[in-house]
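Below: one structure in structure tokens.
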Amino acid sequence: MSFLEIKNLRKKIGNVEILKGIDIDLEKGGFLVLVGPSGCGKSTLLNAIAGLLPPSSGDIVIDGQIVTDLHPSKRDIAMVFQSYALYPNMTVEENIAFALEMRGVDKASRETAVKQVAKTLQIEHLLKRRPSQLSGGQRQRVAMGRALVRQPRVFLFDEPLSNLDAKLRVEVRAEIKALHQNTHATIVYVTHDQIEAMTLATKIVVLKEGMVQQVGTPAEIYNRPANLFVADFMGSPAMNMLKGRVSDAGGQQGIVLFGNETTKVAMPPSVTADLADGKDVILGLRPEAITDAGLADPQARSIARIEAEVTMIEPTGSDTFVTGRLDGASFTARTRSDVLVELGQKFPFSFNLDKAVVFDPQTTSRID
Amino acid sequence: MSFLEIKNLRKKIGNVEILKGIDIDLEKGGFLVLVGPSGCGKSTLLNAIAGLLPPSSGDIVIDGQIVTDLHPSKRDIAMVFQSYALYPNMTVEENIAFALEMRGVDKASRETAVKQVAKTLQIEHLLKRRPSQLSGGQRQRVAMGRALVRQPRVFLFDEPLSNLDAKLRVEVRAEIKALHQNTHATIVYVTHDQIEAMTLATKIVVLKEGMVQQVGTPAEIYNRPANLFVADFMGSPAMNMLKGRVSDAGGQQGIVLFGNETTKVAMPPSVTADLADGKDVILGLRPEAITDAGLADPQARSIARIEAEVTMIEPTGSDTFVTGRLDGASFTARTRSDVLVELGQKFPFSFNLDKAVVFDPQTTSRID
Amino acid sequence: AEQVEVLHWWTSGGEAAALNVLKENLQKQGVTWKDMPVAGGAGSAAMTALRARVTAGDPPTAVQLLGFDLRDWAEMGVAANLDDLAKKEGWDKVIPAALQNFSKYDGHWIAAPVNIHSTNWLWINKAALDKAGGKVPTNIDEFIALLDAFKAQGITALAHGGVPWQDGTLWEAVVLSTGGPDFYKKAVLDLDPAALSGDQMKKVFDTMSKLRTYFDQNFSGREWNLSTAMVIEGKAGAQEMGDWSKGEWLRANKKPGTDFVCIRFPGTQGSVLFNADQFMMFDVGGDAEKAQLKMASAVEDPAFQIAFNTVKGSVPARTDVSNEKFDDCGKKGMADLAEASSKGTLMGSLAHGYAQPAAIKEAMLDVITQHLNGQLTTEQALKRLPEAVKAAK
Amino acid sequence: MSATQETVSAGSARTARYFIYAALIVLAVVYLLPLYVMLTTSLKSLDEIRGGDMLSLPREPSVAAWVKAWGEACIGVSCVGIKGYFWNSIKMVVPAVVISTLLGALNGYVLTKWRFPGHKIVFGMMLFACFIPFQAVLIPMARLLGFMGLSNSTAGLVMVHVIYGLGFTTLFFRNYYEAFPDELIKAAMIDGAGFFRIFWRILLPTSGPIIVVTIIYQFTNIWNDFLFGVSFAGGESSPMTVALNNLVSSSTGVKEYNVDMAAAVFAALPTLFVYIVAGRYFVRGLMAGAVKG
Amino acid sequence: MTTIEPVPALTPEGTPQRQGRTFADGLRNALPKIVLAPSFAVILIFVYGFILWTVYLSFTTSRILPVYKWGGFDAYYRLWSQPNWYVAMQNLAIFGILYIGICIAIGLFIAILMDQRIRAEGVLRPIFLYPMALSFVVTGTAWKWFLNPGLGLEHTMHNLGWESFRFDWLVNPNMAIYTVVIAGVWQASGFVMAMFLAGLRGIDGEIVKAAQIDGASTIAIYRRIIIPLLRPVFLSAFIVLAHMAIKSYDLVIALTGGGPGNATELPSTFMYSYTFTRNQMAVGSASAVMMLMGITAIIVPYLYSELREKHQ
């Protein structure tokens, strides 16, 4: 039975419809990650779940109880605001303890709980300060602490780690993961960090302009994006989209990529349908599926080797992203950071087609 | 000749010394990225450069002119604030145009400039709104726009992309890069995003508790971290730190890792010094340098194969991080996302020692 | 052009109409009238304004002033000298000596008196009086009996407003009635400590306490005219009040003699406690002085005196004015005034600043008011009165 | 779909709203009572006022008193009602309010955003100035005004009101700007705005509520001031309150309560107008979204 | 072994020039002070100068106008021998505490009610504000009638058949000061409401949302978050009300004239009457000095704590 249900939720502000009929359900103990472009309505949706913005229509059900009209303070929800929303008149300690105090927790327990959370978030030395005396990341951690100190029915996190350094972010992320695993809390989480989304979620919802694009497990979303939007949105650098045409020539169905008509690549195994010869398709391939030959997966069933001109080299430390040009269309490959490649060089790329997906350019949906 | 010089800058607020003698210089057209843990003083430093916080001592020199006492409005600097700091009473358009207006730019030019910037940042449809009607990421883009619309002597960016989705972030990042390359602007940039730091910077400064830890190019910082702190801080997941002891046994100098005394790994090529036999050392290896055997760099000169128990598997979509345990100490390896590995399994990891660095546990500094 | 600037607090309709007579008179002589009315608190606001003007070095030409304030201002050396005019017009002869005391300072004329009010009047509702036997009281005891009779009729016996100056007006009438003019002089004018705390004074305060029992319970803070209205409407039997109260009766279309009776406060026939409005002339010098003299002369013009005082309810400041235009009460007032003036029983009213300087007056009113309101017992009042006088000196 | 869904009643919220409205209405009635007394009185005849119940409705309502108060009642020797004094007051109130509000806003701005050593002492001294009893300053003020040649003039009166309003306007703005995020000032400096531009373009446009409060306060205080008006402006240039006072508080003349009350309502019209119009500009949530945290 | 790169030495031609402090810079830095200066100067002269003058006057023998003849402590001696003065101070204490307390309580209460997205806000707001608009010269009369047992409320209640209803504070010397409080509260509480409303409207909505999520009831949100955030408004309200309490003059004069007896005498009426109607200017000045000293004793510590706590 689902624990949190959102049914056909709509929200209009002024003339703008911000949420256009959202349907989501999440099982008890589930970890839902909301992703979507900036301004697509993620914060609005969280606000609606929390009861801070009355929806224009639709219902929100928590644990079998319709809470659409229930006051936020009665919903037993903890939330981390994107804008932090710390109480400027209280110290860090008081900020964190406030929710407990409101629930009548006695002083000693509050103190223990605050200590505990502060330790996790590494803000013990800041407990006596006021928000105005904190750095951006410190404020965000206090906002986090305010939620973590509680045991609500649902946690709502709105980009809670965006201002933390990578190291701290990993640590706090692990902490959230532990919290989720130990307490079986139900969590809705907004993030722009793909790693956060992939590692934390049991379920990802991709939003675009107030509409759900795909709901699925992290692996589904990443490996089998429902449409071009999701494919393009999830993953960084984005999935490479190569235009091509189905070709039955030579007996075996394959795809001829525009700009490189000579090489026919095999039809990716993800496609089971029999496609019409000559049909226009888009071949989607993640950067890590395009590499230098040395890095190519030796177990892959079908690998295409294609030479292309190198137009950009971006080292990121752990890897190097190499952009190649294939007649007008360019693609990004992820290679080892010490690969020997030069700008302008014709470089042999390995395309791992096992990982490829195919989209219909008309409907933008994935073809299975 | 350096364009921006910061000389022995100190800042005390109350009793806390926040900046403890910072020395930085940056050439004209340089792109300096400031990184460091949350609360280390990055924003404070930017504020001091902008003239918003008078330093307690030390000097700031821009283009040969000591500006320490100069009023912010005279420094010809553009800044994006971590907290956005949008003018609530103005529309997005007015927010962006304000600086131009202050500089007496005529209306028509202002409008063109604003249009241009808004297009880049994809906020054209929001120009007539007020900050309170925007989502978090949209606000951040407006804050960005306010800086980008100008051509100042120095740009200061304080985590300008933290609230953007990955896709947009890549786009805006590219825009900043283009801006930098086309206009040769001098930029100081704070970020927690390693990719941003690595791809944008011509120079990275790592701060810790108000002190500079290392200054260098992105590659230097990543591959040759000056000390344990930098090594640990840059890169995500963090560099694996394995304790061991120098062993001259068998004629060739190598390192015996604690917990796996049988395997002696070769001394990494980065170490040129002759180390005393039995000296305690820390071997630093980035996750991407530890892989499953299939992914190991075939060109690597020295690879160690070590079996270890798998304690955690984290798929991120593009890769899978596998945590292995080596007698107490655990390490993280980055493997292909479709690697076949199970929890608890004894898995053979390939350690690419070409990429390893060695630290002295006493001084925490790197050993060359 | 010549101009007079006149600071006064005659702002109500009738008063203004009366003043207009003066204004027009002056205009005929080419003098423009710059009006500076400041009402409120029996001239206290006007006094404040006056101080500001004098301090700024820009005093008005003429200022309506009362009693000891005239002296206090003259003492500051800001008064004009009207001696020549007074001599020419013979003011010394037609203005009662008791009043001249105040119109002159150091032997020189400084002010032109406008009118004489007297405060020891009793106003009785004729219908109620008739019901109670129709006989007007001539002493306190009869008065008390009459009040008892009113009480028996179920109306408020004595209408009174509990405001310090009204309390004082009642008190001074009782003093005069209880001890006669000599006692009044001794106690109120000469401030003899023995008189202020002696048996006579005890009787005065006892009488006050007694009279207090004839008030309705809402008397506190009531304006005098509302009390008058009570008498007019027959809700109350009588009111002790100055002659200005007649205006209210006339306004209500009531006739003296048929609808109401005006008598001297019981036991005070033959004596008059007065309160006179005067225009003090300030030293303005130059051109303005000519206009100033014209104004002073116009004030003492009998035509103006008649026109003004018939409206105001008071009697002319000059004793040589015909009483033809005045009603019964007015005629009686004029006669009483002439009698008292000749007998030497024309005395300054305490409540209106003609008996004592402001400091002492207010100090005495403090005690009187507190006693009437039951905050002080008679014994305490007798003790406090000389003390307050002493402290204020 | 879940099987057991229970709707949560919104009942308690509704009760709360009933309570809110009930409380507000009761309070409003109480606040209106004196106005009711004034209005009904102004519509009654004098006889009815003397004889009747203050709280009863007029038996024969008549606007005669209003007509009289406006154009016929005597204030001193001229009987042209209070209409002429309106303009006097406006000439005094408008400049005084504008100047003191502007100065207060500037002072508040300096005292919160451009602090200098000793700013607290300066502010404390300005605050303390609010408490000086006006009676005590009357005489020296008259002296100084006379000295400056401003005695008995509207300009002098404006000056006096500006001076003694400064403490309050400064207080109001300082306290409001205290909560205004410093980041916005910083951003504006970076954008190249100087001292006055920041004030004019950033701070002032977000000061709606406090400007309204300050204007209301200053406007009513100056409009209703009697002491300064009576002392420093005389005769025909008197402000409204002095005229009103002359009309209503004649001590030994006849009292026309209905006219008094009508005049009082007339006298209050500009202030009422300010309240109704300005009151709308209490704007909600101006700050939201400007900065994080 | 150092890992920090040394700062390269400056090349000769790159020797930085310290920006000379030009006059324009000096002006810019001084600008805020220049802006504040006129106000401050005016306050120094017209407030503190006048206070000194008043202090001096209290040591003279001034009666009707200022005279500069030394009178020593005579005025103070007279002042402290006036029973009225004691009454006035006692009344000020009662009046001040009740008036400030009740105005703030009611003002805040109404402001909070008005902030609940009330439909008729545009109608209600002026209703609560209008008493400030009316001069007490006239409203005093209306109040006097209304509170008068024989004319106003009590009378009406009796007419309506509630014979036992008593409300005679106005004429009761022991209670009269409370009627002054009632009328004063009626007049000023609306303005206090406006101040609080302005403060409420300035609070960031997100913070209130956060508190709701934290489970705070509406009451708790006000008590713990909003009201503490309104602290500067309390300061403003306190100052405004305290000054009105201390200066209340019209109110008393119009309502009770200081009576019954001297039951509602306040220092302000005392000072006014001694200075301007009783022609004892020195005593009036002495009372003004005492008032200022009293104000100093109360306000300065309050200001001190209030201003200091803001920026620890």
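The first chain written gets the first letter, and so on, giving A, B, C, D and E; residue counts start at 1 in each chain.
Note that in this section contacts are C-beta pairs under 8 Å (C-beta built on N, C-alpha and C of every residue); 3 or more make two chains touch, one makes a residue touch a chain.
All figures in this text were calculated on a predicted structure; none of them were measured in a lab.
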*Taking a step as a move to a touching chain, how many steps at least join chain C to chain E?*
1
*asked:* Farthest chain from chain A, going by mean C-alpha coordinates, please.
replied: C
*Consider the two chain pairs D-E and B-D; indicate the one with the greater count of contacting C-beta pairs.*
D-E
*asked:* Quick check: how many Å separate the C-alpha centres of chain A and chain E?
replied: 56
_Nearest whole angstrom, what separates the Cα centre of chain D from the Cα centre of chain E?_
14
*When the C-alpha atoms of chain A and chain B are each averaged to a single point, how far apart are the two points in Å?*
22
_Multi-chain contact residues (two or more partners), chain C_ = 40-41, 48, 51, 55
*Two or more other chains in contact with one residue: find those residues in chain E.*
28, 65-66, 137, 151, 204, 206, 229, 276
*Identify all positions of chain A at which a residue touches two or more other chains, and write them in rising order.*
71, 82-83, 85-86, 134, 136
*asked:* Give the list of chain D residues in touch with chain C in this complex.
replied: 47, 50-51, 73-79, 138-139, 141-143, 145-146, 151-152, 226-227, 230-232, 234-236, 242, 245-256
*Where on chain A is chain E touching in the complex?*
47, 50-52, 71-73, 76-79, 81, 83, 85-90, 98-99, 102-103, 146
*Which chain C residues qualify as touching chain E in the complex?*
40-41, 44, 47-48, 51, 54-55, 69, 72-73, 75-76, 162-164, 216-222, 357-359, 361-363, 366, 369-370, 372-375, 384, 391-392
*Hey, which residues of chain E end up touching chain D in the complex?*
28, 31-33, 35-36, 38-40, 42-44, 46-51, 53-54, 65-66, 106, 110, 113-114, 116, 118, 122, 124-139, 141-143, 145-146, 151-153, 155-156, 159, 186, 190-191, 194-195, 197-199, 201-206, 218, 229, 232-233, 235-236, 239-240, 242-243, 246-247, 249-250, 268, 271-272, 275-276, 281, 284-285, 288, 291-292, 295-296, 299-300, 303-304, 307-308, 310
*asked:* Please output the residues of chain D touching chain E within their complex, sorted ascending.
replied: 16-17, 20-21, 23-24, 27-28, 30-35, 37-38, 41, 53-56, 103, 106-107, 110-111, 114, 116, 120, 122-137, 139-141, 144, 163-164, 166-168, 170-172, 175-176, 178-179, 194-195, 209-210, 212-213, 216-217, 220, 223-224, 226-227, 241, 244-245, 248-249, 257, 260-261, 263-264, 267-268, 271-272, 274-276, 279-280, 282-288
